[in-house]
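The structure that follows is given in the form of structure tokens.
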Amino acid sequence: MTARIGVITFPGSLDDQDSRRAIRVAGAEPVSLWHRDRDLHQVDAVVLPGGFSYGDYLRAGAIARFSPVMESVIAGAREGLPVLGICNGFQVLTESHLLPGAMLRNNHLHFVCREQRLRVENTGTAWTSDYTEGQEIRIPLKNMDGRYTADERTLDMLEAEGRVAFRYLGSNPNGSLRDIAGITNGAGNVVGLMPHPEHAVEPLTGTGGTDGLGFFTSILKRLVAV
Amino acid sequence: MTLDTVGRAASTPQTEQPWAELGLKPDEYQRVREILGRRPTGAELAMYSVMWSEHCSYKSSKVHLRQFGEKAPESDAMLVGIGENAGVVDVGQGYAVTFKVESHNHPSYIEPYQGAATGVGGIVRDILAMGARPIAVMDPLRFGAADHPDTRRVLPGVVAGIGGYGNCLGLPNIGGEVVFDPCYQGNPLVNALCVGVMRHEDIHLAKASGVGNKVILYGARTGGDGIGGVSVLASETFDDTKPAKRPAVQVGDPFQEKLLIECTLEIFGEKLVAGIQDLGGAGLSCATSELASAGSGGMRIELDAVPLRDSSLSPEEILMSESQERMCAIVEPDKVDRFLEICEKWDVGATVIGEVTEGSRLEIFWHGEQIVDVPPRSVAHEGPTYQRPLARPEWQDALQADDPGRLPRPTDGRELREQVLRLVASPNQASKAWVTDQYDRFVQGNTVLAQPEDSGMVRIDEDTNLGVAVATDGNGRYAKLDPYTGAQLALAESYRNVAATGAKPLAVTDCLNFGSPEDPAVMWQFAEACRGLADACLTLGTPVTGGNVSLYNQTGDTAIHPTPVVGVLGVIDDVNRRTQMAFAEEGQLIYLLGETREELGGSAWSQVIHDHLGGRPPAVDLERERLLAEILVAASRDGMVDAAHDLSDGGLVQALVESCLRGGRGARVVVPDDLDPFVFLFSESAGRAIVAVPRSEEVRFTDMCGARGLPAARIGVVDGESVEVQGQFDIPLAELREAHEATIPGLLA
Amino acid sequence: MARVVVDVMLKPEILDPQGQAVQRALPGLGFQGVSQVRQGKRFELEVEGPVDDAALARVRELAETFLANTVIEDFTVRVEPETEKAAS
Amino acid sequence: MARVVVDVMLKPEILDPQGQAVQRALPGLGFQGVSQVRQGKRFELEVEGPVDDAALARVRELAETFLANTVIEDFTVRVEPETEKAAS
């Protein structure tokens, strides 16, 4: 039996299809979850995909956070359910306070779509064990509100606890503090990042590599091993 | 104010009506009265005036557009032709593809962000209405001079609007154009193209049939925005001395449109609609009259049922409102409940507003009283048609006689080098990454090629790897010199771009951007361009499946360059076999395909170095284009080339530099014996491409070219860290990259 | 030094998707009785020197030509007393 | 029916590139003497029923949990007299 990984569709989610594809490519079973449905249908892990939930109106992720399914995700995450938030999903996680900090408009005020180099800083999370510490990966980045912000104390705490999971390499694409591209919660089950690993699972599409596949193979191994 | 009912209209024939203010001509108003046998009601007048506007009725262009049908080549691929929301093309394996390009020029000048955003929204709904899932967008754009202050207002707004809307919809942007020319200063051209895919059996048409079927309006509520926008905005010369006439612009809601797409696709999936139409220009007037006109019966609408955002709207305003993100469906009564359920699931408002009736009239009621009773065809399809006077401009001969051959040329390698750097740094030839990096090209995970490749390519079947490619091109400078040839060159370039990526060109869409049809010189340009495009489509075997006309693009008496923009759709059986433009492998051989003549009229060189426009555009040889395309497609299929890039504005050197920069590899090139270095580098002869051939494939490739009679000259090798033209100059890639990439950010930052 | 505030709101007849989205979310948050929400922009300008009529007229011109697009937006300009700063 | 206005601004210590972009453009528009520009959001809520202290408290809670993200933003809530409507 393989792992069942849920992908939530909020109104305005865009990369849910891609997340399902990535899960399939990794060898797990994707399960579609609907924002209005509190029931998580016994999935083993959840992906909050990229997109513009509720048009990103008000603030990115702010409205989605209050959807019925998020009540279950928040409760589950507190009990160790693995959750990965990609881009808009990361924004939903910070708005839900499952991850600290907040996401602001890119400092150059434009949407940015490009190939992004990242360094994997923490391979102890549920979603990163297939990488090696310090590994450099290239995956697509595409967002309008990707500038990670938190107060100094929080930033210091994240650094001290090794919870900065990914850092931008090369020029910082959005003004994110301390080049933070993604973080994890203390337990390592909840991970959020702005770039898109699900767009980097086959050589033909995305920026033409498979560097993102490790997220999905990591979680699969962990779930099947359990 | 008393309601102007049909009964009242019949009994008060003398009532003065504001037909002139609504843009109708005296004889057009008379015709309405004849059709109805009485004066129109206010609501009827509103409908006729918007539907008979230039934008909706194509009254000046129709007589010329007919050629696209009359001269259409035999093509097995055409499933739905011109006249529907968009044409549909068979791409094999049971898939059909629909695509179309449209303009949103005038609104984008007034409110760049929203104008461009709603342009994307409108074309996406057109594609959706055919039954297709939209899979990609493209955006051919034209602005005034790059260094003009107003360009800094218009361009960033337009780009942000296209990105803001398209990104939020989740449609990858896979290509387009960014062109600067002072002629577009007060009239930027914002064209938007959408591609959609469906199974053959899922094609939907805009027609209302089946007496008793319900008419459902769904999507956003109807508000007071954009009322009359269609007739006033798209049909009147823009005159900024009268700000009071500035009409309202619509605001788009891409989130609502995303829901509309998903909701509509689910409705299609359950086969719940008998007919469907998007609401675009002319709003409900257009949707109801077109649906009824194309169907078999009549239609009765209760206008009170239309959900409003502003309860004070009059019935005329409701009929004319261009509120965005709305669709109109014809649904069998026993499917209505399920239809509404799906709408509810997606948070999309939906209301039954009427039904298909026996008979043949479109009847609209307001508070129980009849305010419209018209034959729908007379509104939708039998508008006025003009045979506008046309005359070859008296300046055309002098313009063509002003040959660039007399312009001073670079005389040595040092001057050539300097001019190459100026060329690749010029706004039109420079990298457009500043623009395209604001567009999501990865979403949906099927984008195989996107900007800056020659065409965008999207996989449509993940198991078989079937894919489609689309490119758009246009060159107003060529078309100004000779509109017939200019239109053909636009098609030829787009066709070549599709073939360069390995896809077989199948079909065409076009957006014809011109000045005022009331100017005989403009009308001549328009007629010539249509004739040129139709003739070329016939020769290339690629039918025009649909498109759009945008007239009145002029400031005062000065029209824009005639600018036909042509989109070509191609198909590729296996996207793994696509050809990229990058020179990526050291040691591969660079071949120049086609013939180079001295052709500099309208060229980038004449513009950048001499600010000159004159002479004749490059000659078109469509048979050669076809042969070149066949070779490029065969070479891609059989793995004979690793890279291909078409030659167009900027000539060989521009293409060479782009392929080198893309791959991060240099090239060493030798000027062929029979060519002058300057002509070799800068001429814009059509029907050419460069390819990178692995040494192991050289014999096979040259044999194929030889056997088919396509000139193929080995001009160099992929090598080193610079672009070197032997005996002339050597420019490091870093220097070229800086020149090519710094310009646009420098102008807009 | 004084603070001049420019509020820019979409004209009433223009669709406000952001305001709509906020409004639609309210019932789900247990919040009833709001019949409409409109969302606009607020600019706070710290102006050097006295804010006399001439200065205000210039800010108004700035708002008209730059901060707002009067095709779709209305604006108001006012001088703010330097007090109400803190949250809530 | 009354209008309650919620103004949401980025906290002073948070970089506001939108405000900065406006400020940078001002000299080019012939506009001198503005030492800072901040850009925020303005929400206009049309509230049914009387806007008493209890109602205001609820709007404040709404602002705190929803309209603003207090990690990065401050807000103010006030009842607006139904007068100042027209442009400029």
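In order of appearance the chains are A, B, C and D, and numbering begins at 1 in each one.
Going forward, a residue touches a chain if its C-beta (ideal position, glycine included) is under 8 Å from a C-beta of that chain, and two chains touch if they have at least 3 such contacts.
Predicted, not measured: the structure shown is a model, and the values here were computed from it.
For the interfaces A-B and A-D, the C-beta contact count is higher for A-B.
Mean C-alpha positions place chain B and chain D at a centre distance of 40 Å. Inter-chain spacing, taken between the CA centroids of chain C and chain D, is 7 Å.
Chain A and chain B have Cα centroids lying 36 Å from one another. For the pair chain A and chain D, the distance between mean C-alpha positions equals 31 Å.
Shared interface positions of chain C, i.e. residues touching 2 or more other chains, are given as 17, 21-22, 25, 29, 39. Counting only residues that touch two or more partner chains, chain B has 253, 255-256, 347. Shared contact sites, meaning residues of chain A that touch two or more other chains, fall at 54-55, 57-58, 66.
This structure has the following touching chain pairs: A-B, A-C, A-D, B-C, C-D.
Taken together, the chain D residues at the contact with chain C in this complex read 1, 7-9, 19, 22, 25-26, 29, 31, 33-49, 58, 60, 62-67, 70, 74-77, 84, 86-88.
Across the interface of their complex, chain D is touched by residues 58-59, 62, 66, 94-95, 101-102, 104-109, 149-150, 175 of chain A. Contact residues of chain C toward chain A in the complex are 17-18, 21-22, 25, 28-29, 39. Contact residues on chain A toward chain C in their complex (touch as defined above): 54-55, 57-58, 63, 66-67.
Of all the residues in chain B, the ones that touch chain C in their complex are 110-111, 114, 220, 223-225, 246, 248-253, 255-256, 309-310, 323-324, 347.
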